[in-house]
Amino acid sequence: MEKFNYQNLEDLQKLARIQLKDEEKKDLLESLQKIVEYIDQLDSIDTKDVACCNHVSQVQNENVVRDDVVGELLSRETLLENAPDQIGGMIRTPPIMQD
Amino acid sequence: MDLYKLSAYELRNLFLDKKVKATEITEYFLKRIEKNNKKLGAFLTVLSERAMQKAKELDQKNAENKPMGRLAGVPIAIKDNTHIEKEITTCASQFLTNYKAPFSATAVKLLEEQDAILVGKTNLDEFAMGSSNENSSFYPSYNPWNLDCTPGGSSGGSASAVASRISLIATGSDTGGSIRQPSAFCGVVGFKPTYGRVSRYGLVAFGSSLDQIGPIATNVKDIGLTMEVLGKHCPHDAMSLEFPAESYIENLREDLSEITVGVPWHFLESLNKEAHDNFVQSIETMKSLGANIIDVNLDILKSSIAVYYILATAEASTNLARFDGIRYGVRSKDAKNLEEVYDLSRDQGFGYEVKKRILLGTYVLSSGFQEAFYKKAQKVRTLVIQSFDAAFSNCDCICMPTAPITSFKLGTFQDPIGMYLQDIFTISANLAGLPAISVPSGFDKDNKPFGLQFLGPQLHDAPVVSYAHAYEQATKFSSKIPPLFDKEF
Amino acid sequence: MKNWEAVIGLEVHVQLNTITKLFSSAPNRFGDDPNTNITVVDTGQPGALPVVNREAIKKAAQFGFAVNASVEKFSKFDRKSYFYPDSPRNFQITQFEHPIVRGGTVTITVEDEKKEFQIDRAHLEDDAGMLKHFSSFAGVDYNRAGTALIEIVSTPCMTSAKEAIAYVKTLKAILEYIDASDCNMEQGSLRVDANISVRPVGEKKLRNKTEIKNMNSFTFLEMAINAEIERQIRLYEEYESDEPDNVVIPGTYRFNPNTKQTELMRMKERAEDYRYFPEPDLPPIVLTQEFLDTVKATLPELPQQRFARYVEQLGLSEYAATNLILDKQTADYFEEALTYSNNTKALCNWITVEFPGRLKELGHTLSSIDIPAVHLANLVKMIDEGKITGRIAKQVADDMVQTPGMDPVDIVKNNPDYQPLSDASAIEPLVEKVLQDNPQSIEDYLAGKKKALAFLVGQIMKLTKGKASPDIVNELIQKKLDSKN
């Protein structure tokens, strides 16, 4: 198992949009290295032919659906009450490079 | 009337019998909160106006002899990662200091429908990530038994509030032990239901396949009472179980005759002497109540922390992605473009532990590592479930200590693994979706509480609570009140 | 000069026309004020949870059967993580590992050849919100966020823009026939992304492909695909000696309708790591055989079946039939008209050629203007019954387009110029005049030249401004010519 390193950390930061102050970075890297070493213990457990546990409920829990009927809405007012910035009923953000 | 010494069940009866008014009850507990919260750091928000308003309505209703709810007149605190509509939900994070909940959690709605009086929002580790409440970005919470020590976490504020009797009941959330461990540390009773038993709608998600809302109370009967209100199917939560509500109060046992209790002795080998002795004592008590004690093999649980910190952080890394400064919460004033809105807002809003877990969670899901970590952990989770299934084929419930140690001083754990290891006995119930309760089991030499855990198969919530009741009746540890708070005002 | 071939795969995103969204009970509607069709789920509020819309599952299953795909009994949802403001949670809920539909075939005639295009898979996922761009800011509207989408992924089996268009048109028709979507490309309920690569004919290996987005009409789709194919070929020919992988680099391109070229949006330096994992908030979908049988049994007539019916039972040409079936509204209109008149060929012609031609100038189609099918049928009936001539009919059609909703029967009644001249005594002198003026034609006719008759008839029709009943004219002329014999 590859050792968890700085490059890993920077890649992860980009993916997770997490910025770190320089002091935090060093500490965090050490922390993550220790944690990754710890969780790596699972490698020694034999899981051949064992299925992933995607859903923990042991009772029949499938096909939970709802009818195609309009229900309770969130009012625009309530949405915008919590919005950092808004304009014309929309949430406002800095300009975005068009896609 | 020393109202704080009463159980919720007793208080409600007093209220219904018109021996005390709801407004009196509310003023009383609000006063207790006001006097003690600074010491305890239990509450982040006190909802005095709302509570008094509800109390007035209840008094009116009661005066007209209208039918009253099952929790009528009972003060209840809500962990601040659970929504009360129009009130702030902070999750103890700088990210959400001004976030007004747009809807009430189903659990909160059910409590209000049954006439509970919601007194405030309690402190927690930020986004429920922690085992000591030290990760709250506002202030820590303290243990009523020893104010230098933690109340545990992440539902530290709730456990502290109940133990000090400034609220009689509180809700918590439990992802890896966050209801049970603080309950044990604070000498109160805390219950994590079967996964899906209580709706998660309105609970700010941490580990979606692990989270459950549950009650913390001063005694087991109150746990049962609250669960009868909370344990209902919810159409807004697709993982909510569609099973008839269980009856708890009717089924509370006084003994454990004909009950087989499984104990994973091998797994418990590493317990320190004091904890070990306390646990052995509890087992003797259960024997005297008629229980048949057998050994069960749960050695796989040694890996449960590794499994948990992979799965919970993976789920959390995606659950917390929505906190991006766009729609709600903090948005950094320095952000000049979209990237900066994300990066700076999350930097400003998230504490260190939260950032760490998000990065870890992103790592175990990332391309090249998902197979070795996330998928592997999912498979070991299956093994954990299978182990429990095998054990339960021979016993009605499993007993373990709730925590390996009693409450510790703030600042004790500096290395990451050390703190995580505190969850060793609680995590497995979340991995397997099992109902699990922690009930006080004694005190250590420093008069800090121990907790004992009962676990049952999925859907055996009422039986688990009933076993705990029998133990509680025989030992009465939960009725002990921390000396500092054992006076009215 | 090498011969190049194109390899095209299409990803078609279709908004299902369910009443509510996929995971929330907000209305699924286009064009409302920003942020008025939202719930806590669609705006990613903390504590909100998704619950699946049963109707979306049904429509996805119907689609699967309509393209002869395998409708999977077991499917589930996954989280797909990426940060973007139009994503309320910064993860989309999609079906990565176990989609609800696998395989499938789309059959359609392209330039007289019957083609079968293969679908790889189709799955359910939720749509993102909309970003509106302004110079100094952007606005986010979550009305669209959470709308049920079915993403249909083809194999890279198309080799030309024409094939791609035919494939998408057929998919569109199928979706319209099963009432799964309104398939409006302009409004964005049907969106096409094209993956395009080229290679020399005979080369087996696939070269680098590019992704083209933002083509919101069939015209643009065709232009974009052709432009991109040309662009890639030009590059390969210019950098003949370079390693092909370095000549055309994978990337995402946008079609620019002004320059009619494709422009680079972003490079794919490394594939985005979406970190797919099973959605823990939703249990899997398990479909029973009973459910599947019911869905299959209740499928309406599909385009291919209608095509067969038009060709075999109504005697339409394959070309006419293909055009009709690909436009459901027109085909429905045609069949309604057929209930009033059984002249299939004439109706087909008026509905697919004559009227569209007139309506195009007004910016309309038969579906957007209020000319009921019965009126069209009445027009054809009047011609068949000899009540008006073909020439007059064309004028009546012009009038019908100018005054939609007016019955041609009334138009003819109200306009004396349209009344056919069927009074033989009024026509006879005109016939006499034409015969007198055209002695040569008489001789030609008597000499056996049939064309001469047509000429004479034409002259008479001219004189009567097309109003004379052709039958009567023929009868009169015949009589007179015979008497000259």
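Note that the chains take the letters A, B and C in the order they are written out, and that residue 1 is the start of every chain.
Everything below uses one rule, namely that contacts are C-beta pairs under 8 Å (C-beta built on N, C-alpha and C of every residue); 3 or more make two chains touch, one makes a residue touch a chain.
Computed from a predicted model, the values in this text were never measured in an experiment.
More inter-chain C-beta contacts link the pair A-B than the other of A-B and B-C. When chain centres are set by their Cα atoms, the one at the greatest distance from chain A is C. Here the CA centre of chain A is 41 Å from the CA centre of chain C.
Each chain gets a centre from the mean of its Cα atoms; for chain A and chain B, those two points are 23 Å apart.
Chain B and chain C, compared by their mean Cα positions, are separated by 58 Å. Within chain B, the positions touching two or more other chains are listed as 99, 102-103, 209, 235, 238-239, 321, 324, 326-328, 338, 342, 362, 366.
Counting partners per residue, chain A has 15, 17, 52, 54-55, 57, 61, 64, 66, 74, 79, 91, 93-96 as the residues that reach two or more other chains.
In chain C, 40, 43, 45, 51-52, 81, 83, 85, 140, 273, 275, 280, 282-283 are the positions where the chain touches two or more neighbouring chains simultaneously. Taken together, the chain C residues at the contact with chain A in this complex read 18-20, 24-27, 33-40, 42-43, 45, 51-57, 76, 81, 83, 85, 131-142, 213, 265, 273, 275, 278, 280, 282-286.
Chain B meets chain A in the complex at residues 98-100, 102-103, 195-196, 209, 235, 238-239, 241, 243, 300, 303, 305-307, 309-310, 317, 321, 324-331, 335-338, 340-344, 346-347, 350, 352, 355-356, 358-360, 362-364, 366, 372-373, 375-383, 385, 415-417, 420, 431-433, 458-459. Residue ranges on chain C touching chain B, taken from their complex, read 40, 43-52, 79, 81, 83, 85, 88-91, 140, 271, 273, 275, 277, 280-283. Across the complex, chain C is touched by residues 15, 17, 52, 54-55, 57, 61-74, 76, 79-80, 87-96, 98-99 of chain A. Interface of chain B with chain C (complex): residues 82-83, 89, 91, 96, 99, 101-103, 105, 200-205, 208-209, 235-239, 314-315, 318, 321-324, 326-328, 338, 342, 362, 365-367, 370, 374.
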